[in-house]
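Structures given as structure tokens follow.
Both complexes below contain chain A, partnered by chain B and then by chain C.
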Partner chain A sequence: MFKHLFKLIWNKKKQNFLLMSEMLFSFLVLFAVFTLLVYYYDNYKKPMGFEYQNVWVISYNNAYQTKSTDSLNTYYEILRQNIKAMPEVRELSFCSFNTPFTNNMSQGRISYHKKPLDHVNFYTADESFPATMNMQILEGRWFNKTDVATKNKPIVINSDIKEQLFGKGAAVGQLISNYDEKEKMRVIGVVQSIKMKGDYAATGYGLYQKTDTGSLRWMGKIMVQVVPGASAAFEGHLYKTLANYMKNSNVEIEHLTNKRTSINYFTLVPMIVLSIVGGFLAINVALGLFGVLWYNINQRRGEIGLRRAVGASGGAVSSQLIYESMILATLSLIVGSFFAVQFPLLNVFDLSAGIYISAMLLAITFIYALVFLCSLYPGRQAAAIYPAVALHEE
Partner chain B sequence: MLKNYFKIAIAVLRRRKFFTFISLFGISFTLTILLVLTAFLDKVVGDSYPDRKRDRSLYVTHLQESGKDGQSSSTLSYYFLNHFVGSLKTPVKLGISSGYEGTNTYVNNKKLAVNYKYTNADYWEIMEYDFTEGKAFSKQQIDNADKVAVISEDMKRDYFGDIPSVVGKYIEADNVKYRVIGVVKNVPITSYNLYSDIYLPYTVSKTDFTKGKGYLGDFTGVMLAKSTDDVPRMRDEYDAMMRRIPMESKQFNKMYSHAQSYIRSYVETGNESSSGVTIVFTAIVIFVLLVTVLPTLNLVNINITRIMERSSEIGVRKAFGASSGTLVYQFLVENIILTFLGGLIGVVLSFIAIQVLNSFRLIPNLVLSINFTVLGIGLLVCFFFGLLSGVYPAWRMSKLNVVTALKAQ
Partner chain C sequence: MIRLQNIEKVYRTDTIETLALNSISLDVAKGEFLSIMGPSGCGKSTLLNIMGLLDTPSKGDIKISDQKTDHLSDKQLAQFRNQKLGFIFQSYHLINDLQVLDNVELPLLYRNTTAKERKMLATEALEKVGLSNRIKHFPTQLSGGQRQRVAIARAIVGRPEIILADEPTGNLDSAMGNEIMDILINLNRNEGTTIIMVTHDENMAHKTHRLVRLFDGSQVQ
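Entry: the complex of A and B
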């Protein structure tokens, strides 16, 4: 039976070729849209890794210039005490400028047993960072007072690096080299990866270093966890305290909740635009397919009438038409999948193969559903053709 | 003759309403998407408020230094712009401004997020901001390090509320009080090199920008030539300067920086090996192709179907001696009429879409509008569509054999 259907399709190859290329293009467009949607959804359902509610970020610059490390330490220690003493403040942490939900990045390469790992985010933070952010420590511990400069600098890695470099094995105690393989760093703990770039972005590799007197010179962010419901009046008071203490500095206080909203917005808007465009293209294709199939049936009234006359049931006639369009869809999907499968094979955009495959499956299902629905009505119409009426026309 | 074709076209359109609907739907929606996209691009890179002298300006926004151990790329320092770029002969003016930075201010227990930006005096002479009141700060005020500020209309409304005049009043930002001397019309944040809420003299900054001899910093520059003819000379002089000046440190052996037109500087990636223009251009072309190819294929499909339906008409006309050329011409005219009809609906739809987008206020102060350029582009796209989706079906139809065409019915 399929052989026969192929023959029918082949006889109208010119017209079917156009239909097929239309299906092929819509498959490719849908594949692209679904890849993006699956990628975002995949990231969205992973945990955030920390609590952003009630956390504020203070930015400052150019705060205190001195040659003496002792007075530098004292300067920031006093600042810490001053902020900590406020009843609304629960915890605070000095850290590097690549805080959550900003576009600031500091990336580099590390290697483990000569195996390099690129796009690793380097964060610098002090001892109270996990407490401020409510981060989860999965293995080992975070930095404490005992971590003074030793031969191998102590570091904490996130679960993404751990999975990539050590798999199921233990990470604590292992030595990782930095980019030029000169310096070795000792892993003392593993923390849960956190989504630094908002709900829809991947967590990425993260490596934490402890602040030292050198880093205090260039760091410019303080994370502050406040009690729920801290008021604008308190924020004004905090701001004044900071601005008066750091006379030469520009100070800004931002709320992580607001920063999360705005960074999400930058992912959501393109996603919505693409979905609308994709949806419109799908409607367009559906209408086109429907129109062409409908017309074809009107053209083939004679043939259908003859089939009915020699005893084919209405169901058989309509299923023949549906089968025909499904075969057309299958042919174009085979070609389309050939192109689509290159993405995971060549690893084009650094996404995992699972995302591409689920996007492909979704696109295939979508096209089949579309074609099926579009041929359902024309098929039923064909089934309703009376042999006497159809044959009488000839 | 054309009038006849027109009549036939309308008659055909009314005969198969469903097909007409599909065609019009495809054309109008595609056009809407393209029109909204062009309106957006036109506003973001084509809007010349406040730098109306774009045609005789060149923008310096990035410096990339590279060496064996890596590279760094950033906006430039005040020293670099003032000392090196300032020594060029061709530019008559050099506007220097920092990128916008955020800070807070608290009025009546309410928090306001404020973006501020430092500029020099020439900046105000190159840029033509529309002042609703007051004026810009002068060179004298900058040299005296007067704590004066030019603010945007939004800032005025948010900080002072609805009052007619604020010149002479004080605004507090970053724990410092500035005297307001001018209010300017808002600039959307998409013009990121020109946008700010508060503009301040660079001399009042808490950081002394005139100290230090590093090349990288927070500033960008705009060079203004005497006339448009001088622009290429200015660019050459800048490139010659880049070859001449010494490396910042031994760490680096190459330096790249260019004086570019507004659009090039707008999409500058700061990396010599990847051109922002190419990336943006490719992205737009791919998007436009995707959006147009599918509806075109769809239209071709529908058109073939419609034309084949009329095979008897074609047979009769051929039998009475109409040449293939005449028939192709007729069908093309019909198709172009159809696309223009779709185009008309498309323009109405995009008008509605733009109104809706504006009412969402996705980006503050970015008000999209359909202008004549956009409309012209739209009509051109329509015509192109009509030809593209009409040529193949018409050609196939004209190949039809008279006998088969007549026998079909």
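Entry: the complex of A and C
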């Protein structure tokens, strides 16, 4: 029977071409939508990797102007002690402007044994950064007082870089080159990768450098971990303290929980829009498919009547029509999958092959389900055609 | 072979009721070649469809090969048609998207057969109707007479005991018509197939064993 149906479809390839193109097109769109959804979901499942519930970000612009490095250090050290002394504050850390859940980025290239690695995020932070963020140190250690500028600047990398460059091997002690391969940096520790861009974004490569006196001149963020339930009154007090200390500076305090909500929102909105567009497209395809199948059945009443006369039961007629649609879907999906597998093969968007494959399987399942459901009713109608009536009509 | 008892068929539409068959009783013996004649609209096709189990009578009983058919399910009816009956229609009813051989194989698809068996039987049937040189053609590439011969090959491929033919020569000129008639007569003689044929042509009808005339749904002879 299969061969018979295949011949029938093949001999009607012209009529079937439109239907198959429609299936192919919707497969490709669904593949795109599912790729994005799977990617987001895959990221969502991974842990955030740090504490954000009770962490606030203080932004300030560098108001303190001095030529003397010592007085600059003293200025910020006093500020640190003042804040730390507050009972609501557990820990604080001065760091670079690319704090979690913002769109601020500082990216560049590093290389290891002449093999370049791009899109590496560079962070600058002081000794108390992991404690403030509750970050996990997987290997080696974080910066401490002994890390003074030597020939090879000490750095900490995240687990994404580690896996990419060293796989399962040890990272601590390795030398990584900066972008122009002039300077070598020594890895002293590996921290767990954290989702800096919200729940739905990938962790990405992260490289941490220690603050030095120079960096204090341009840094403008303080991360503060407060005790749970720190009050608005305390926030007001903190703000006043800062504003008084840093005259002429714009001070702003934000909560990471709020920043997380808003960055998630910005990731979700395009995803929702795309899903809605994809959904409408699927409905459109379903209606089109339904219409075409319905039309086909009315075109083929004579054939259906004849098949009934020579021995097809109503059920056989209806399953034949469903099989035919499924064969058409299979042919379209083979062509579609050929296009789809190019994405992981050519590594088009730097996503892992597993994401593309899951998306492909989802899109295939979806198309099959859609085609099946759309053939079900026309198939039932076909089964109900009276053979005597259908044969009489021609 | 076929026994009809008090068959009545009423077609009901929203506005009118048509009595297409009125109390028809008919016995067709095994190996008989029977023709049915009558003016247009008198119920010939309706009668043939009822005998072919394509339609159900409003009243009355049908027995085929001593078997009552009114209790059969849709699936059993389909199987019954497939095993016992072969149909030939005035308008051939070939599937234009399938080659001649595939058209002839059609009834065998609804039986337990292998592709090889199907091909063998279909080729054999096409030989009997003298079309073995056209098996790769599509129906649209054939003449009317050739198409009807394909339809006959399809009707006989499953070796049915009964063939029901509704004006098989109706669309053909007399030479072609005679050719088709000869095939049917040979089939009846050599294979013992019971044939019931509706025709408008007295000459054709007289070549058969028995003639039944219908008028306005009733049997008149």
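Criterion: the second predicted complex is superposed on the first by the 391 of 394 C-alpha atoms of A that agree within 3 Å, B and C clash if a C-alpha of one lies under 4 Å from a C-alpha of the other, contacts with A are read in each partner's own complex, and residues count from 1 in each chain.
Simple rule for what comes next: a contact is a pair of C-beta atoms (placed from the backbone, for glycine too) under 8 Å apart; a residue touches a chain by one contact, two chains touch by 3 or more.
Bear in mind the structure is a predicted one, so any value in this text is a computation, not a measurement.
Chemist: So, on chain A, is it clash or fit between chain B and chain C?
Modeler: Result for chain B and chain C: fit.
Chemist: So after the superposition, what angle do chain B and chain C open up at chain A's Cα centre, nearest 10 degrees?
Modeler: For this superposition the angle at chain A equals 90 degrees.
Chemist: Counting only touches as set out at the top, which of chain B and chain C does A:Asn347 meet: first, second, both, neither?
Modeler: So A:Asn347 meets neither chain B nor chain C here.
Chemist: A:Leu391 contacts which: chain B (first), chain C (second), both, neither?
Modeler: A:Leu391: touches chain C, not chain B.
Chemist: Per the contact definition in the header, classify A:Ala309: touching chain B only (first), chain C only (second), both, or neither.
Modeler: second
Chemist: Between chain B and chain C, point out the one touching more chain A residues.
Modeler: B
Chemist: Just chain B (first), just chain C (second), both, or neither: which does A:Tyr239 touch?
Modeler: In the superposition, A:Tyr239 contacts chain B only.
Chemist: Output check: A:Val269 vs chain B and chain C. Expected answer is one of first, second, both, neither. What do you get?
Modeler: After superposing on A, A:Val269 lies in contact with chain B but is clear of chain C.
Chemist: So if I take every C-alpha atom in chain B and every one in chain C after superposing, what is the smallest distance between them in Å?
Modeler: Nearest C-alpha atoms of the two chains are 11 Å apart.
Chemist: Could you give the residue numbers on chain A that contact chain B in one complex and chain C in the other?
Modeler: None.
Chemist: Which residues, counting only chain B, touch chain A once they are in their complex?
Modeler: Of all residues in chain B, those touching chain A are 18-19, 21-22, 25-26, 29-30, 33, 101-104, 106, 109-111, 113, 174-175, 206-207, 290-291, 293-295, 297-298, 300-302, 304-305, 308-309, 362, 396.
Chemist: Taking the complex as given, what residues does chain A use to touch chain C?
Modeler: It comes out as residues 1, 3-4, 7-8, 11-12, 302-303, 305-316, 386-388, 391-392, 394.
Chemist: Within their complex, state which residues of chain A touch chain B.
Modeler: Listed in rising order, the residues are 14-15, 18-19, 21-22, 25-26, 29, 32, 59, 61-62, 231-233, 235-236, 239-240, 243-244, 247-254, 269, 277, 280-281, 283-285, 287-288, 291-292, 294-295, 299.
Chemist: Along chain C, where are the residues that touch chain A in the complex?
Modeler: 45, 49, 52, 54-55, 74-75, 77-79, 81-83, 87, 89, 91, 93, 95, 97-99, 102, 105-107, 109-111, 115, 138, 154, 158
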